[in-house]
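Before I ask anything, let me first share the structure, which is written out below as structure tokens.
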């Protein structure tokens, strides 16, 4: 299974290249593009990125493993990122997590999502759901599943 | 030479050879047994032939068989003089054996007016013979050590050689004192001199007449025979096994046996020169012949008591501890030997009875006395061998420098002084 | 060339170039400083934090590999605080280390062990159950085995593949205490210098598959030698050992630092060349493929020389030591023989690269050239004396001096391989180097000059 | 320190000492005493009548013949680290290592020989073993054989020896 | 306590993120001043204002700007650090979602001052929603022809706390792993692909238009002598109305909590406050009494102001659990480059787990102290020292709670 960037993404990359002093800087943007295009980052995609950015594949791979938001494996279920860091924990993230256990979703215990003032918080598909209560979680999941 | 003379020579030669060779296993056994008894052990007691252990003496024969059957091994690094390497132990062994042959085992036998020496070599210069032949023994040691091409062997040989030099001198000088005192170089005459008493109550033995020379003689002979405390030539802690490091199997056995023969010879010389030889203390040969009947009766009593005592001892000790269920046939052996000893005792008693009361033949009587003297000689010999052994298991080994110090600084001057005093006394007495 | 300045280390004066790295000075002066990540060719990475030294005027200990030498600097490497700091950081290195030294080939030449003996000697504060588990015994390819648990993440290997070979096979992935060295999934380590990472690795994370479990390193004796794989003349350590009741055997080659020739590294081909060196050796004289005695060989040798007088050619192998070549020349002159050393057979362009591999696969061809020996194949000779030259020559009769067995009917005499004798070599850059005898066989084979001496020449 | 030094006076250099003979006599007296005591009743000698009687006082610290311990699954505990061979003063341990495939460890001995004729039974190998894989607790003190080869113990033999004091398995490798 | 709105002026307005609303309320007015001032003059004004970096370190922004070469052959770059990952901090988010044009205005001014043609906003990956708002604003600005002199590019991170560290951020921006760089030997700008680069926090940049427009003195009118100006203080945790409220430096902390935060949730007693994101030492309720919110006052009580993101904890909070939570965060986020941090973060987390599981011992607490010592000041960046500070502040100030667990 080989990977190639979609036309749209190739244009994006071409546009971005003008903004940076070196194509190497495109590593992260390309990884994001791949992740949005495929849902995860395959080894073939890494080779494709390597081609675009002139970074050796191993270095791209290393970058991909460094950042928690990149996924190297296909993910099937709905991904629910629940913040478990201090403010959210103080405001009851544990209850939310416990409640989610019974749902047919993949729960990711993530560190601070930067919504401490509106804790507890979870993120699904880049969207923040704030000031969570168990009822709120119920309705959100009902909508998404 | 008459036929009786030939018979006596043959008999005494056989006796001498047997005495020298058969005592080897005896002495090895004694060494082991005495050592173990001194050290609160049991010692060899397992080897047997059809259940007969003879108190463990069979072990010595087993060892001989073992050594005979061992691989004849020559170190590969010995390139030249291999024959000498092999011959060396034989020199030591044969020299010691030959030296033994000048020792008289009994008084001169008078057969029909013919005076016959009971001496394997019927010579009248036995002291010289002994000095000459006995000193050859160390050549075997030196050759063996030298031809081994081994530093330890060479060191051992050098030690043995230098020790012999240091001790031959006091030995010779102390013997000279005896020669001056006894006025003879014939062993038999020396024994004759020691018959009778000294100051009326002491047996006229060399040890009483010449105490200093006797002690020097004994010490020097300990050194000559390489016995403890003079075993520096084979000091295991420094030089492995000294001159015999490279010798194996029968070659080693030759050295080993040679040591025992030498010890036996040394004992015989000491007995002959210092402890009255074959003579019974206080009783000269003539006196025994004169009071033969009384002597025979006493002998009968002593024999009976001895056999009784021995059987009792044997019955007590030829057993295994109660902890063991199987005694390995010792009860049978004890029973057998009890009967054998009783039979032997009865036979001997009957012979003595015959000699004391029935026989009137002078020849028979003098032969009987000679036999008794041989027995006494053997007894003394064994006692002195026992002394050698006891000393070995009592004393630690001298350091090499101590050996030399003792030889040169103490024994040599002392023996010189002793000759001087002896000469003065002898000359004074004869004046 | 920058200024040379005075600095004080542990109360003693030293001179060093200004703005050079402090750690270089410490290593050069033999002042004990522990480090994992620093390496002279790879530079400072500053990740192991072991090389802490105290610098007067700085309130905290500094890493020597990222400190530049300045005029009047006062450095302290031995104080209690520094020892304590090194000990504490070493302890952190060991926290997730499996401590499986018994099964680890690095044991004996492991920096962790050395530093532990120097600075640690403490009881571990961690229980085994708490350690981070990673994969063990991963075959990376190119004869390199990886053990991620033993790794201290010094990144020397990854920097080697990134900066020296520029092949980028290895990398540290993941982060935090889950970080580990690996190749990309499904890809292997494949470059001609890959096994150097084994030497670079300060711990047992990267070990040689070839040397794996073969010997414990403390049994090995290292001799200084020169690789004969090509004309580069890389300096090597010949690690060999004579086991009880066995013969002296080489277990591995390791690169030996020589900045003028090979730097820190050697190629994998050279590293593994010890194997064929020890296989299929010619061990006794043969004639018509059958073993003959030394005396018979000697006689045959003389007979052949007599028979073919005035029509003899001597062919010299360009791998022989200069001393050997000279004695062969002397010999050839005495018997009036022509001397040849064909070099074409050694040329192998596919072997060459721009790092350490030369296209000329003969260690001493420069000497042949310098001595002006004819490099054509021998002509019109009825007897050819082949001194281990790899080529086969046609002639009425041949005398061979061979290190290794070859199919031949001719009189063949066994000679010592280069590890079994010593001599000098001149590499392609005209640098003459001396190679010491490393291996001492139980029954040593003579060199060609030994033979010639024994046969009455020279 | 100084108060712990005990000064022993040298024996007086008297004639009695210089003569040696009295000392020899004293020594001979001791040996004779033992000799006569034992010769009069040899069974009073307290010795073990081996081999009919076997020793019963072998302690668990006794260094008998070696053995290789096992893991729970019965395989060898040894990982062929060569520590014993390194520590061995008589160089009588010969090991060859190989890859271990069962995942319990990486390495195991392909062959493991102990030449018991060369062994001095010092126990250093047991001390050195990091895996509790070699022990000398078999209680076997007598070893017989007809050939030299009989005394060279291979891995199977060493593994087959049983510990005499309980504790069969290695404590360090489970 | 007086109200002061420098950055948060437009936050409450509906559709505040649009250009029209921004223009209506004084947006982009400061750009007029650029015609008056030369770049060096602007740098001087910023320096005179005493503006301090608002990303946590509190270093003088003007001094940093001064390091940028004015006549370099190499291009200069501005990088705006919007990788706001410090737990308890969410102020930059407010700026980019409620007043992105303020930031864009600040960027234009800054680029003018440091002669940069290209500005990057490194935004954390989790802020996708706010990134879209910001991107919209930038597009609007392009459309209005505001961005002729410089380009603004949003560069999205992907979830690595360490990328908030400026050198790690630049590494990440260069397309590498976010590993902090070794400290420079002298004062110099940051380097992006070898080019001089200025890295500033979003709020710092957002403060620039006010200063340029009203002058340094106007900015100095707020705050204290040493900490002039305002900060977007944030509150979270056990508080009735959490959120971000701008206040000047030197505000009384408890008053601030009472006034804006509405006091501790459910009327419970205050137990502890982490003053500026979890990397700052914890403060007990007693220490908070009379404490003013400025860099100097907090340093005096052994903590730091950090980003001003306060986390408030009520009397029922278990401090060991709080510490465990923070250590988990550090364990997860350590980049793993250098040893003390890589191993120390995980190890302290594991020890704490043992302690919480009731398997700990007194030695475990001692180990934590030793670890804190080893992690402090021996690493490339300040990540590990932060762990050290947190560990020490929790262990010393709430010792009894920890000892109760190990006995």
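A, B, C, D and E label the chains in the order they appear, each numbered from 1.
Throughout what follows, contacts are C-beta pairs under 8 Å (C-beta built on N, C-alpha and C of every residue); 3 or more make two chains touch, one makes a residue touch a chain.
Computed from a predicted model, the values in this text were never measured in an experiment.
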Intersection of contact sets, subunit C vs subunit D, gives none
Contacting subunit B as well as subunit E are chains none
Chain at maximum distance from subunit A, centres defined as averaged CA atoms | B
Could you work out which chain's C-alpha centre is the most distant one from the centre of subunit E?
-> B
Hey, how far is the Cα centre of subunit A from the one of subunit B, in Å?
-> 108
Could you tell me the distance, in whole angstrom, between the mean C-alpha positions of subunit B and subunit C?
-> 73
Per the C-alpha centroid definition, the whole-Å distance linking subunit A and subunit C comes out as 48
Which parts of subunit A, given as residue numbers and ranges, touch two or more other chains?
-> 59, 62, 66
In subunit B, residues with contacts to at least two other chains = none
Scan subunit C for residues touching two or more other chains and write them down.
-> 172, 174-175
Per the touch criterion, the pairs are A-C, A-E, B-D, C-D, C-E
Listed in rising order, subunit C residues that touch subunit D in their complex are 100-103, 107, 136-137, 212-214, 216, 218-219, 244
Complex contact set, residues of subunit A against subunit E | 16, 19-22, 24-29, 31-32, 53, 55, 59, 62-63, 66-70, 84-87, 89-91, 110-119, 123, 126-128
Of all residues in subunit B, which touch subunit D in the complex?
-> 34, 37-42, 215, 313, 316-317, 319-321, 323-324, 326, 390-391, 393-395
Please give the residue numbers of subunit C that touch subunit A in the complex, ascending.
-> 161-162, 168-175, 183-186
Using the touch rule from the top, collect the residues of subunit E that touch subunit A in their complex.
-> 75, 77, 84-90, 93, 118, 124-129, 151, 153, 155-161, 172-178, 192-193, 195, 234-238, 242-244, 274, 278, 309, 311, 313, 317, 322, 325-326, 328-329, 332-333, 335
